[in-house]
Structures are given as structure tokens and as C-alpha cells.
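What follows is a group of structures, each given as C-alpha cells.
Okay, so chain A shows up in both of these, paired with chain B first and chain C after.
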Partner chain A sequence: MTTKSAPKAPAKAPKRGIHHQPPSMRVLAVKIVLLSLVDAVAVFAMSALFFKGDYAVAGIVLIVTLLVNWIYLSPGLLPAKYLTPGLIFLGIFQIFVIVYSMIIAFTNYGDGHNSTKEDAVASIVLQNTQRVEGSPAYRVTVVDGLGGLGLLATSPEGEVLVGTQEEPLEPVDPGAVTLEGERAVAVEGWTSLAMQDILQRQQEIAALQVPLSDDLADGFLRTTDAVNAYVFESTFVYDEAAGTMTDTLTGTVYEDRGNGAFESADGQQLGTGWQIFVGGQNFLYPFENPRYGGALLSVMAWTFAFAILSVGISFFLGLFLAIALNDPRMRSKQVYRVLSILPYAFPSFLGALVWLGLLNTEFGFVNNAIFGSADIPWLTDPWLAKVSMIVVNVWLGFPYMFLICLGALQSIPEELTEAAAVDGATGWQVFGRIKFPLLLVSTAPLLISSFAFNFNNFNTIYMLTRGGPRMQGIEENVGHTDLLITLVYKTAFEGGTRDYGLAAALSIIIFIVVATVSAIAFRRTKALEDLN
Partner chain B sequence: MKHSGLMKAAGVGALALTLAACAGGGTPAPTEGGSESPAPQGGGELVVWMDENRAAALEGVVSTFEEETGTTVEVVIKDFGTIRDDLTTQAPSGEGPDVVLGAHDWIGKLVQNGVISPVELGEIAGDFEEVSIQAMTYEGSVYGVPVSIENIALVRNTALAPEAPASWDDLVATGQAAVESGEAEFPLLVGIDPNNADPYHLYPMQASFGGPVFGINEDGSYNADDLQLGNEGNVAFATALGEWGAQGIINPNISQDIAKEQFANGASPYTITGPWNLSTFQDAGIEYAVSEIPSAGGQPATPFVGVQGFMVSAYANNPIVAAQFITEYVAGEEAQTAIFESGQRAPALSSAFEAAQSNEDVAAFGAVGAEGVPMPNIPEMDALWADWGTTEAQIIAQQGGDPAALWTAMAEKIQGSLEG
Partner chain C sequence: MSIDSNPVAPPKERTPVPQPRMRFGKWMRELGWRHLVGIAVVIFATFPLVYVLSASLNPGGTLTGSNVLFRELSVQNYVDLFSDPRRPYGAWFANTMIVGIATSIGTVFLGALAAYAFSRMRFTGRRPGLLALIIVQMFPQLLAVVAIYLLMRGIGEVFPAIGLDSLIGLIMVYLGGALGVNTYLMYGFFNTVPASIDEAAKLDGAGHARIFFTIILRLVAPILAVIGLLSFIGTTSDFVLSSVILTSPDKLTLAVGLFRYVSEETSTNYPVFAAGAVLAAIPVMVLFLWLQKYIVSGLTAGAVK
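Entry: the complex of A and B
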């Protein structure tokens, strides 16, 4: 900017054109206020992260903040000053998401593999810790002593006992006990926890298990509310040294064989597992399961067909309307233009829902009014459902194409048409050789982005058929109108087992496909630009 | 050029936003975890996730709890359907809730993912309707305090069908007579999806033929190793379903919305639905009565019972307060009645349930539900619904050939995926 304008104002330019010139006080003040705001937020974020133990993220925030301060405080670096905010947004909203998806694609994250191994062990033991049937209910007071937290328990018969995690319950001298009603609330040698202390040490108390006797098989006392305790026994025992889980009822030993779950010798897995890295397993899944792979191929073919046909048909329909409504001989153009933009003014999911009603086999307007009450299964027949998807999507998409074509047509100078006519070109030749190529120069990039949008057009599909009707003969829930994106959604959030790892792998495939198609297409449109 | 200073200022402003976003991204859900107190265990602050209706209903109970225990309760309002996935993904981060409201059929999956912990109800377990405790029980442990019970029943338009049908044939005959006389358009309305049918709404009829989906253990829980879907009775149901589809008694094109709307229009003497649609019928001025679904196959046509309840997260920062909140307050009559009044679903606490019997509709639905069985809550169930529904849809639409063969193939496929 500065270099261009400098020659125009030679008298002042030499001074102002130099970057190093100190900014005015007002600008400097604004800058300092804004930068200190940024720093304040960053410091807050860093301290919050630090106390949570997220040192790596805190470190990244620190580095980014320092970098930002350096960029905006140092003279010069003008391009960096403009680019930095955009780059940070790019990092958070694009790159982070892509990298995170990629990491997940290499894990078995999903139902049954939800957290760490440590959590899984705790959960399995907890699931299998059950109250001993018909055992008495104790009234307890949580007490603190030399041996750590303990439970002061009053049995239903009025016997008072005390014990800790290490020391089994022992009767105490009734004389040393303070009773409140029938429940012992204090005993000499121990401090009863007040409500406030209980609140402070909740997780400790909830984890406290006081054995009934030296024999662990007798069970232990546990409380979930610090007032009532019951006798529990755990049927699963984790051996930390061996890393195995033992079912004490059957004697079955389950061990970790690197599959993200405990497995018995005969291959039985426990339901609760943990997340592990599985390498390329998610990417190989379609190859190892030929039926699923076949279904995936047909979904991919349909996704391409859907995106190409949607864009193609709606483009030509929009172009036709634009040409028709751009003709000077056309009357009441404005009215028609407004009417054809209407579908665009509708939120697309609402439009799709309206179509869902229109296409109902028995009650829908389409069958009743247009096809004389024929029972045409628009949404339940595999092929008709595909046709319906494209029809609805064209209906939703043509106004956009109409708008951009109208704009592009109006920007083509009239002289070109006139000159061609003078040279003896026919109407078709003018359109085919002059107007259309020029039109493509400005609309081709929009067609590519439209392709990318329709490749991932979740709304239309999901609102109309949810991907159905379902394909027969494969185990997974894959439908004839599923696009890759709805398949990803179903894999991640619906149906039997949620499999985030596989879904992330599929979404990476989508990313690669869309990126490749867009890159090739953009390169080819450069050739069009040479026309100008 | 003059603007470049201002532009820079704007750039820095954008940066402030970025970093704010960065902070938000780095500390998951800072507003939900109470990030203001650096030590979350110390404050006695309880985070509860529930839907808007129940949050409003429980306002009084929550403030009583706050006063009596000195705990601060943070209620996070969530869409009911999202609670399950959000809990599963967020709880392991340690930033999740202490207590959530959920449906009993989520329990198997939530336990499998290790995100909820059992709650020992002790003596108060006996104060609840038996079916509700049974529903909240998974592999011998109770996972929460039930608050409401819901099930479907037969709702009839008393102008078209003054008496409850004595048998399924009676229902069909009355319905068809009403259609023939022109008083109604449909003999019966059951809302289903054309591609996926609706095993839940069709289950009472299925139960009258076949019995449960899974075998039932001695303690009343489901046995995932014993799939009963392909048994003789269930296959007989498939054949009957094919006939009903051919006769138009069950119509694949009637979605839930259409069923509700048409019944409200008085277009059918019968519909099979739950208490959630009654207000629409009342607003439309339909005189209706609720009764049990007559048996089509000889055995009682028992619906699935759904139970909703409060559960404690396995990652709760405040497990003791959480247990106190649900076993002493949510389990109280005040809370149970308030939730009942907000949603017209029968309360799970027996004393509140009895009190709610003065409401005719609740009593009628409750009487039907008392015979019902809880929807299975084992994790294997999720994989089942899709196959089950698709096959029903095919049978109703007369596609794919012999209903019995389709049904058997479906049962074998599910058996295969359960073993695999």
C-alpha cells in the first residue's frame, strides 16, 4: 500500500511511508489496551490450565501469547500483524480439528472403549461390587483417626463397631460412645467428621471400604451417602502386579492382550474396555469386511452421483431460468425472480421436512394430486428414493445457481454479443462460444464449492430418509441413500455400537476426496481464466 | 494508510477473541465445572444435568436441598436426548456432571462405558413401584433413583368406540365397521416409520404372541445370552403382522405425526400411544378413554415400560452429596409429584403414584403399565432395534416375501452379531 501511494504524495510520503515511524499516541494507547486485554485473558487461561494439570496446553497458550506480543509490539512485521489473528483461528478451528480427528482415527475410541485402562479397572470392580443379599444396614458416622478415615457403624441390633480400610470392624466399648437416638455419632479416640469435612473429602469417603473381618470374603462396609452403610462384596478382583482381572465366582482370569479389553483364555471379553491405539485397523476395516467394503463403495458412488447430479442439474436449471429472466422481452421479470428465489429463503431442513410430507406414499400431495392417488413408494424404494433425493436437492439448490448465473450474465458486456452478431454468429454460437465460457470463469469456483457442500449435504438426506431404505445383507446399518457423511454420523452416534474411531477414519477419507477433487478442479479453472 | 494503525488495533481485538476462544477450547466447558474455584472438591457444589421441564419442576426441591445442606446446585439444562452422549464423552475428562437425568434403557451402555456408578437404595427401594426399580437395575446393581414411569396403551375415541374392545378381533371389527360406515378413515392408528417401522409401538401385539425379546433370569432381569426373538410365538407374530399390513390395519405410511393428527381429527376409533399425546387430543376436543391393548395372540399384550431416573456419574466430584441429593430429595414425594405434574408421566414413588391415581388417565395408563415389562436395558439392545424395525417395515409393506422367513432370518442375523 505504502509504496503505491508514495509517489502520489511526494511531499509527505517519505516520512509516512516508513514503517518504523512511531505511531501516534492515540493508536499506541488503543494498541496497549487491546494487547493487555489479550494478555489478561491468556494469563487467566494459563493459570486455569496449569491448576488442572494441562501443562502442554498451558505452554502452547504461553508461546502463542508471547509471539502475539512480539508481533504487535515490534516495529515492522506488517504482514504478520494482519495474518496472525487469521492464522490463530485457522489453527483452532481447522488444523486442531483435523489433527484431532486423525488421532482418533487411529484409536478404538467408541462404546466400551471410552476412557483409560485405569478408569476401566475401577469401573469393572465397581460394577461387580454388590450388596450382600439380605445383609444388615448399618447407620454410620465418618470418623478420622490415626489410621486414616474410618467408619463408626451402628448395627441394627445396636452394636457399635469401628474400622478403617486396613483394620477390620472391631466392637468398641459402649461407654466411650456418644449416641444420638440409636446411632453412634462419636467415639473416644476418633474425631467425627462435620458436614463441612465430609464435603471436603467426598471422593475419599465414597472410596472407603471397611472389611467386616480379617477374611476379605466376608465383605466390607461401604457408604454412598455418609449416613447409611451396607455390606458389599466384590466379585471381580484386579491383580495389579499381574495386570489381570479375576472373576472370583467362576475363577476365570481375564488378561490384557493388547486389544483394549480384558480377555479370558477362551476369548471372552469384558464389556468395559479402554482406549488404545490400533494403528491402521479402522482404515483396513472395509477391506477386511468385504460386505461392508462393498456397501462403502456403493455409498461412495452414490455420494459422487448425488453431488455431481445435484450441482449439474441445479446449475443448468438455474442458468436456464437466468437466461430466460434476463431477456429484455420477458415481462414481470421481478415477480418471477422473487418466486424462483423462494426455496433459497427457506431453511433447508424445513424444506426437506415439507418434502417428506409431500412424498408420503399414501397421504403425500405428490402421489395424490399429481399421480392420481397411485401408491408410488418415493422414499422406501431404493432407486426411487435416490431420485427423490436429487429432485428435492435440486429444488433446494437451483435458486442459488439462478442467482449467481444471473449476476454473471449481467456482467458480460453486451458489446461482445453485438460484435458476434455482426460477424454472423447464430444465437447458439454466441451462447456456446462466448457467453458460456465467460460465465464459467466466474461460476466455476462456486460450482466446486457447491460440489463440496453437496458431497456433505447432511440435512437433505437425514431429514428425508435418514439414509434409508436399509441395504440388506450387511450387518451394519447402511442405507441406499446414505452419503458418506450420514454414514459417519450413524457410525459415530447411532445404532448398535458407537465407533468414533471408524467414524473419524471415514471422515478423513471424505476430507481426502473433497480436497483432491477441489484441487484438481481449481487447477483446471485456471485454464478458463486465460480466456480473459 | 491513515487507517493502518486502526487496522492493527482491530487485529489485536480479533486476537483477544481468538485467545478467549483458545481458553474455551483448552479448558472444556469452563462454565459447567465451576472453574472459579480452583479446587472443585472443596466447595460442595453439585452439578446436575436435566431437561428444561424437569428443571423447572424441581426448582423448589433444589432450593430446599441448597438451604438444608449448604450445597450450591448448578443445574445445567440439556436436551434430554443429548444427555447420554454428552455424559459418555465428557465424564472421563473430570469436567462432567455429578448427577444426570436419564432413561433406564441407557443404563447398559452407560455402565459399559464406565460413566455411571451404582447407588445403594437400601430400605427406600421398597417405596418405589417394583417395575421402576427393576428397570433401573442392571446386572444386580441399582443405577439411580427412578422418577417417572411411562408406557403405551390403547386410546379410543369414545364417540366411535364407546366400549373397550373385548378382544383383538373385536377391535378390528369395530374399526373396520367405523371405516365402512364412513365415520372414520382408519380402523386403527399406530404411528410407525415407513423404513424402520417401530418395534416399541408394535411390541404389545408381539408380546401377545411370543413373549420377551430376551430370556428372563430368575431375578427378573434380561439374559443377553438367550435371544428369544426367533421363537415360535414371535414368528407367529410376524405372520399376523403381514396380514395386518395387507388388510391396512397397520399402515406403513402413517408416521407418528400423522397418527396423532388423524386421531385428533377423529379419523379413527383407536390409536396406540402414550400419555405424551393426550394433551393434543384434549385440545382437539376428542372424548377418549384409555384401556389395555387386547390380546391378538392369546397372551397378555403387555407394553414395554420406560422409566426415567436420576443417576450418579462415576466421575462425580461430589459423590456423597450426589447420592444424598437423589436418595433423600429426588426420592421424596415432593420431587416425584412435581415432576409428575410437569409431564403427566406416572411417578415412580409408590406414595406419589397412589396419589396420582386420582387422575383418570394416569390411573388407566398405570394399570396397563403394571402388567408390562421394562424395556431391556442391556447394551446388546441397541444393535437390535434397527434390524428388528427394518424387518417389521418390510413385513408390513409386503416386501421381501414370506414374513416368517424374513423374521427368522432377522433373528438369526441378530444372534450372529451378538455372538460375533
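Entry: the complex of A and C
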């Protein structure tokens, strides 16, 4: 095999003078144009981040940008020039996200715990506003500015104010205001919305609540018709000194007890909480909830069974086919080969969806045309669904095994077989003692990566059953054909409550399993190769 | 089908394969069973594909009508496919192509740059770097899907153009996997190009960039094609990342769009889905079969390393 040869590039090659030649004008021009593009984007990013208050991220962008400029402007550092573009993407979208997953796994991040405590307080106050009985009407105009939609309000006393959801109402310079009767209709620095814009952005305008002052307890202006606004006050009052949230309607006091939410004395939590570190709580969850733990164990067992059976059956089917079609005397084997690798050429997600129709209980081809209109629940019975998953996955995977087995068989030198035959070995002995071990050595690494792939074979499972049928007797949405990876997806993105923390913890388990299996397996195959 | 043209098992007839005449029993033992195995596997492999083609041409409108293969032929489903604005198949197809092509070009380019550095230059951290790439490729990006989603949501708050619900954002995420999976494969192939070619070009006064772009890239074109195609297939089949990053109906890719469409009402939506599936599969299958030889060599080369 070509790739087996060790890299023999001369050790000194890159050092000898190639980068000391002055670059041609054209190269230099291309370099400068590309670098200035990158810098322009970076400067834009930094200023946006800076105004958002994300100083740490802005700082990282600055450092990376300086580094990139240094690498491409200095004469040496040739390897870095070639590696940097890929490394940046790798760093952000592969390595950082893995680290980030680990951090999330130790938090309560998820629905109801999305942001900081400050945001949670503001959101609770904002979500529970009521019109103050008998409050006077403000005449308003909806205006659009840099900070988003705002209200230009004329108070009952005739004072003109402007503000947005984030910026409380502030008086404006009367000189900058255009009045229409008593009501201010335009102000410099803001665009007044025309009727059609108002109609288009109705929902946004209805949701707009402009605080009267910095203290949210003072109330908000809200408008429903974009002409009159009324003062609304929240029924929840946050006491900053005591750190408590009080529901003024019922008088219940909710306080922060370190659980990432406001809790009342009798243990009731408000829906909107904030993000905190919860230590190993996500990892302990299966142990504290034995039913979930049991379900998780059966999911893990099925994940292993699915991966091992898929790889094993596809491999032996592929190998058998390769042996069958590897006879030089055989005619038209090329036709068989091309037709039998078609499932591999067919996009895999479509393959799974095609089987979704074939296996449909009521109308599917398999039940109606092959089993004579039987109602066999291929995808909805816990055990049959598992069988179906493996059949479909073998259909998707055996052509690949066929191709690699064929390649491996053909690369075994003919002399070995001949020599064995001369020594009096039977056909089976030649295969079992000589060809098969050799074949295993060259395909073992592929079988391992195939195992790792099927361990996380999201598409086949999710497209056919979404992990279902659902397990009975547990609250969480866990199904009989769920793999760990589909469970991660469902925990994080499906159902009523999204729980990013638990999902991340589950994905950490997959990381550990895949790493362990790969490490052991690769060590074993090294041993296999050395024996050779 | 091919079967007609083959000597499957013509009883008591001379088989044209071996020159000396073979008895049927011997022929069956030596070659005949191979044909039987071949036919059985070909049926298993192709019948779902034949079925979906038949369903796509059946104007019945539901799954039931599709159970007799090729009963009626019509292109009605293909017309319907493009006529419902709630199911913007054309947009899905275009999005998939944009994302797939951009990602595969980006992947090939980033991977080739890195492979060139690893293959032709000697620097501190080279061996650990290669090892790290092998380790990284064991952990597919979809394992970190939660973190990727939250990261993209954060990015979207600052730059909506590259955050959630943006094709560019999705492409950037996919490019994160560019080095991990493919560089090692390319690295092996780059090593087979003799270094003397570089030396000769250097003597002629070519700089490193020139050697890379005009000489090396041409010599390794086959592996670039393989990596590009594998990356295209991988990207266009991805469901997890695209389903969490893209949200609005006309931004979806085929994998997400077709899945949602067919799983919401399998029986009634199936024929139109079948038409969509056939159209989506044809370009990929043609490319695949065309480049088959290279792909197989690429796969096995990757294995041997």
C-alpha cells in the first residue's frame, strides 16, 4: 500500500532558503488583500462584542487577530502559515465545543435556567405586568432607532419622553420634537413608524414594555393601538437588599436558596430561574432516579448491541459476498458488484426514510406485498423495532464492508494461497488459517471506526423510530430503540423542557465510552500487526 | 436487468465461462453458487431503491398504491413536489447544494494546506500534531451538538448573519471538522509524491506557495476528489447539526426538510417524498459511481494507516 511508506521528505527541505526569496508583487498583493479582509471582519466583530459588553470574547478575538497577522507578515513560520486556517475552525468548532460541553454538563442550563440571575429577575418582573387601574393615558408614537423599537411618549402633563425596552423613558429636548397638536409624532435621531410598519410589527409593538425609570418597580408603558399607552406595573416586586421576589397578589415571598430559582417557603419554584453550577448533579441524576437509571442502562446495552451487531453482520455479509464474487472465472461479477454497492451510494438519510415507508405497519410494502397484508408492527414493537433497526443498518452498511473486504482479499498475494495448496492445505484451511487472519489485520482499524460510527448512528435510528416505541413507566421520553446519541438530542432539543445540562452530561458518557473502546481496540490491533 | 444476460444456471447447458466443459454439478459447486449469492444480495440491495423509484412514479397519492411496483407511470409526484410553497423542495435542494459544495471545497482546501505542512515540513509539534488529529477524528462533532447549538445561539446574538438559522454559520460549523477527519488521509497521499519534485521546482526558483498550488495540488488531485466527495456526502446526510442550527422552513436542508415532511404523515406524503428522494439521490449516486474506484482506494488507504 502506498500510504504505508514512512514520510521520507528531506528533513532540511523547508529550511533551505525558500522563504528568504522576496515574494513577488502579485503574491504580496493577494496576501495584503486577504489579510485586510480578515482584519476588517475582526474589527467589526470586536466592536460589536465591545458594545455588547463581552470584553473577554472581544479580547480573545483581538489576540487571535494579532496572532494571525503576525504569522502571515513575518518571513518565517512557514508551517504555521499552512496550519492556521484549519486550526482556527478546529479550535472553535471541535475543541472548544468539547470543553464547553464539559462545562455545560456541570450546570443546570436548560429551559427555565437560560441566563443570569439579573436577566431572570427582569424577565419575571416583565412577564407579570398588569395595567394600573385608573392610570392616565400617554399619547405615543412608535419609533425605531439603533436600540430597536421605542416609544415617543407625551405625558398627560405635556412632557415629551422617549425610551425602549432596555432604556427607560428620558425627557427629550423640546426643540428636536415635531408636535401634532398635543402629541409628539417625531423626534430627531429616531424614525417614526408608518401605518404599514405598525401593522407589520404588531406583535413586537404589543410586547414592547418601556420602563418609566431605572427602577422596574415604577412600572412600564405599554400600548396596544400604537397611539395610547398606559402605565403597567408588575405584580412581582424584587427586593434587592433581601434578594427576595414577592408576589404582590398573593403576598408569597420567594427567595434564592442556591437552586438557581426563586423558591417559596413551601418549596414552590418560579418558572424562570437562572444558570448555576450544580456540580455532579446531572451525573447523579440516573442514580437518584432509579427508573431513569434503569432506562439509561438498557439504552446503553442496546447502543452496544446495535453497534456490535451492525458491524458484525455487515462485515460477515460483506466478506461472504466478497469471497463469492472474487473468482476470476466468474462472468459479469462487475454487474453484481455495482448493483450491490448501490445502497452505499444512496444518501444514508434517504435510505432510512425509504425503509420508513417499506416497514409501515398498515400500508408498507413489506407487510402488504411480502407478508400478505399482515399487520406486523415492524417499527412499533419494542423487539421487532430493534430487529428492524439492525436489518436497515446492515442494508446501509454491508456494501462498505464488501468493498473493503474485496480490496483486502485482492491485496493478499496469490503465492501464499499457492504455497499453502502445494503443502496440501484444503480450501477451508487456506481461508481460515491464512487469508482470514491477514484480512482481519488490514480491516480491523476500519471495523473499529465503523463501530464508533454506529455507536453514534443517529440517522438510522431517529429517522425510522425517533428512538421509539417509548418506554412505559418512566416520566422522561426514553424509547426502546434510543441510542445514547439520540437520547442526547431528545433531552436537549425535544419535548416540553429542554435540559442542556443533562444532555451534555450524557454526551460526556459517550465521549468516555468511545475513547475507551478506541484506545483498547487500537492497542489490540497494534499487537495484531506486530505479530505479523 | 443484468440477470438476463448472465448464465445464471442454465440447466444441462454448456456454460461459456470455463473453456473446458464442466458438468452442471461441478459448475454449481464452483461458480453457480456464486451467482446465486450475487443474485440474492443484489435483490436485497436494490429492492428498496426500485420501490422508491416505483413509488415516485405512481400517481396514487398514498403509500397503499405503491405496493404494486410500476403499476402506473406518471410524473405527477414530481410536479407536486415543486408546487407547494409550504414544502419548498427547491429551496431545500439549493440549500443542501450550497452547504455541501461550500463545505467540501473548504474541507479540501483546509485539509490540503495542513497535509502539505505535515508532509513537507519539519517543525516542533509535528508528531504530536499528527497524533492529535487521529485522536480528534474519533470524536465526531455531533457529540458536542448541545455546545455547538449554544455557541451558535451566542454568536447569533452578536452577528445574526452567522449565528442560528444561517447557512454560513452551518458551513463554518462543518469546517470545524475539516482537519480532524481528512488530513491524515491526505497526509498519507502527499507522502507518496516524491520530494524530489519539490526540490527541482525550488531550484527553478519557485516559492513554497507556488510549489503547493501549481505542482503538488495537481499531483494529489485524486485524493482531493475523494475527500471532497466524502465530505459532500457526509455533509448532505447530516441531520443533527443542520436540524438544530437551521430553523425557518425555507432555510432547511433536504435531510431535515424531507424527514419532517415524511414523518409527519408517512402514508399520504410518501409518494411525493419518493419523488424528492429520487431527485436528491441521483446526483450523489452518479458522482459516487463515477468516482467509485478512487473512493475505494481512499477508504482502504485510510484503513491501513
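One rule holds in what follows: the second predicted complex is superposed on the first by the 346 of 532 C-alpha atoms of A that agree within 3 Å, B and C clash if a C-alpha of one lies under 4 Å from a C-alpha of the other, contacts with A are read in each partner's own complex, and residues count from 1 in each chain.
Simple rule for what comes next: a residue touches a chain if its C-beta (ideal position, glycine included) is under 8 Å from a C-beta of that chain, and two chains touch if they have at least 3 such contacts.
Please read these numbers as outputs of a predicted model, since none were measured by experiment.
**Student:** Counting residues of chain A touched by each partner, does chain B or chain C come out ahead?
**Tutor:** C
**Student:** Should A:Q203 be classified as contacting the first partner (chain B), the second (chain C), both, or neither?
**Tutor:** first
**Student:** By the touch definition at the top of the document, which applies to A:A120: first (chain B), second (chain C), both, or neither?
**Tutor:** First partner only.
**Student:** Taking the superposition as given, does A:R131 touch the first partner, chain B, the second, chain C, both, or neither?
**Tutor:** first
**Student:** Examine A:M195 and indicate which partner it touches, taking first as chain B and second as chain C; both and neither are also allowed.
**Tutor:** Touch partner of A:M195: chain B, not chain C.
**Student:** Touch test for A:V488: chain B only (first), chain C only (second), both, or neither?
**Tutor:** second
**Student:** Now for A:L325: first (chain B), second (chain C), both, or neither, which partner does it touch?
**Tutor:** After superposition on chain A, A:L325 lies in contact with chain C alone.
**Student:** Go through the superposed model and pick first if A:A504 touches only chain B, second if only chain C, both, or neither.
**Tutor:** second
**Student:** After the superposition on A, what does A:W70 contact: first (chain B), second (chain C), both or neither?
**Tutor:** Touch partners of A:W70: none, neither chain B nor chain C.
**Student:** Where does A:F436 make contact in the superposed view: on chain B (first), on chain C (second), on both, or on neither?
**Tutor:** Neither: A:F436 stays clear of chain B and chain C.
**Student:** Go through chain A and flag every residue that touches chain B in one model and chain C in the other.
**Tutor:** 1-2, 5, 16, 23-24, 27, 45, 48-49, 52, 54, 78, 82, 85, 89, 92, 96, 360, 362-363, 466, 493
**Student:** Give every residue of chain C touching chain A within the complex, in rising order.
**Tutor:** Residues of chain C touching chain A: 2, 5-7, 16-18, 30-31, 33-35, 37-39, 41-42, 44-46, 48-49, 51-52, 55, 62-64, 66-68, 109-111, 113-114, 116-117, 119-123, 126, 129, 136, 138-151, 157-159, 172-173, 175-180, 183, 187-189, 191-192, 195, 198-199, 202, 205, 207-209, 212, 233, 236-237, 239-240, 243-244, 255, 258-259, 262-263, 266-267, 270, 273-274, 277, 280-281, 284-285, 288-289, 292, 296-297, 299-305.
**Student:** If we count contacts the way the header does, which residues on chain A are in touch with chain C in the complex?
**Tutor:** Contact set of chain A toward chain C: 1-11, 13-14, 16-19, 21, 23-24, 27, 45, 48-49, 52, 54, 78-79, 82-83, 85-87, 89-90, 92-98, 100-101, 104, 109, 317, 320-321, 324-325, 327, 329-333, 335-336, 338-351, 353-358, 360, 362-365, 368-369, 395, 398-400, 403-404, 407-408, 442-443, 445-446, 449, 452-453, 456, 458-459, 462-463, 466, 485, 488-489, 492-493, 500, 503-504, 507, 510-511, 514-515, 518.
**Student:** Under the touch definition given earlier, write down the residues of chain B that touch chain A in their complex.
**Tutor:** Touching chain A: residues 1, 4-9, 11-16, 18-23, 25-27, 30, 35, 38, 41-44, 69-71, 85, 88-89, 92, 109, 111-115, 117-120, 122-123, 139-141, 194-196, 251-255, 258, 314, 317-321, 323-324, 327-328, 379, 382-384, 386, 390, 393, 397, 400, 413, 416-417 of chain B.
**Student:** Using the touch definition from the top, list the residues of chain A that touch chain B in their complex.
**Tutor:** The contact residues of chain A facing chain B are 1-2, 5, 16, 23-24, 27, 30-31, 34-35, 37-38, 41-42, 44-45, 48-49, 51-52, 54, 57-58, 61, 64-65, 68, 72, 78, 81-82, 84-85, 88-89, 92, 96, 111-112, 114-116, 119-120, 122-124, 126-131, 137, 195-196, 198-203, 205-206, 222, 224-228, 230, 232, 271-272, 360-363, 377, 379-380, 465-466, 468-470, 472, 475, 477, 479, 493, 495-498.
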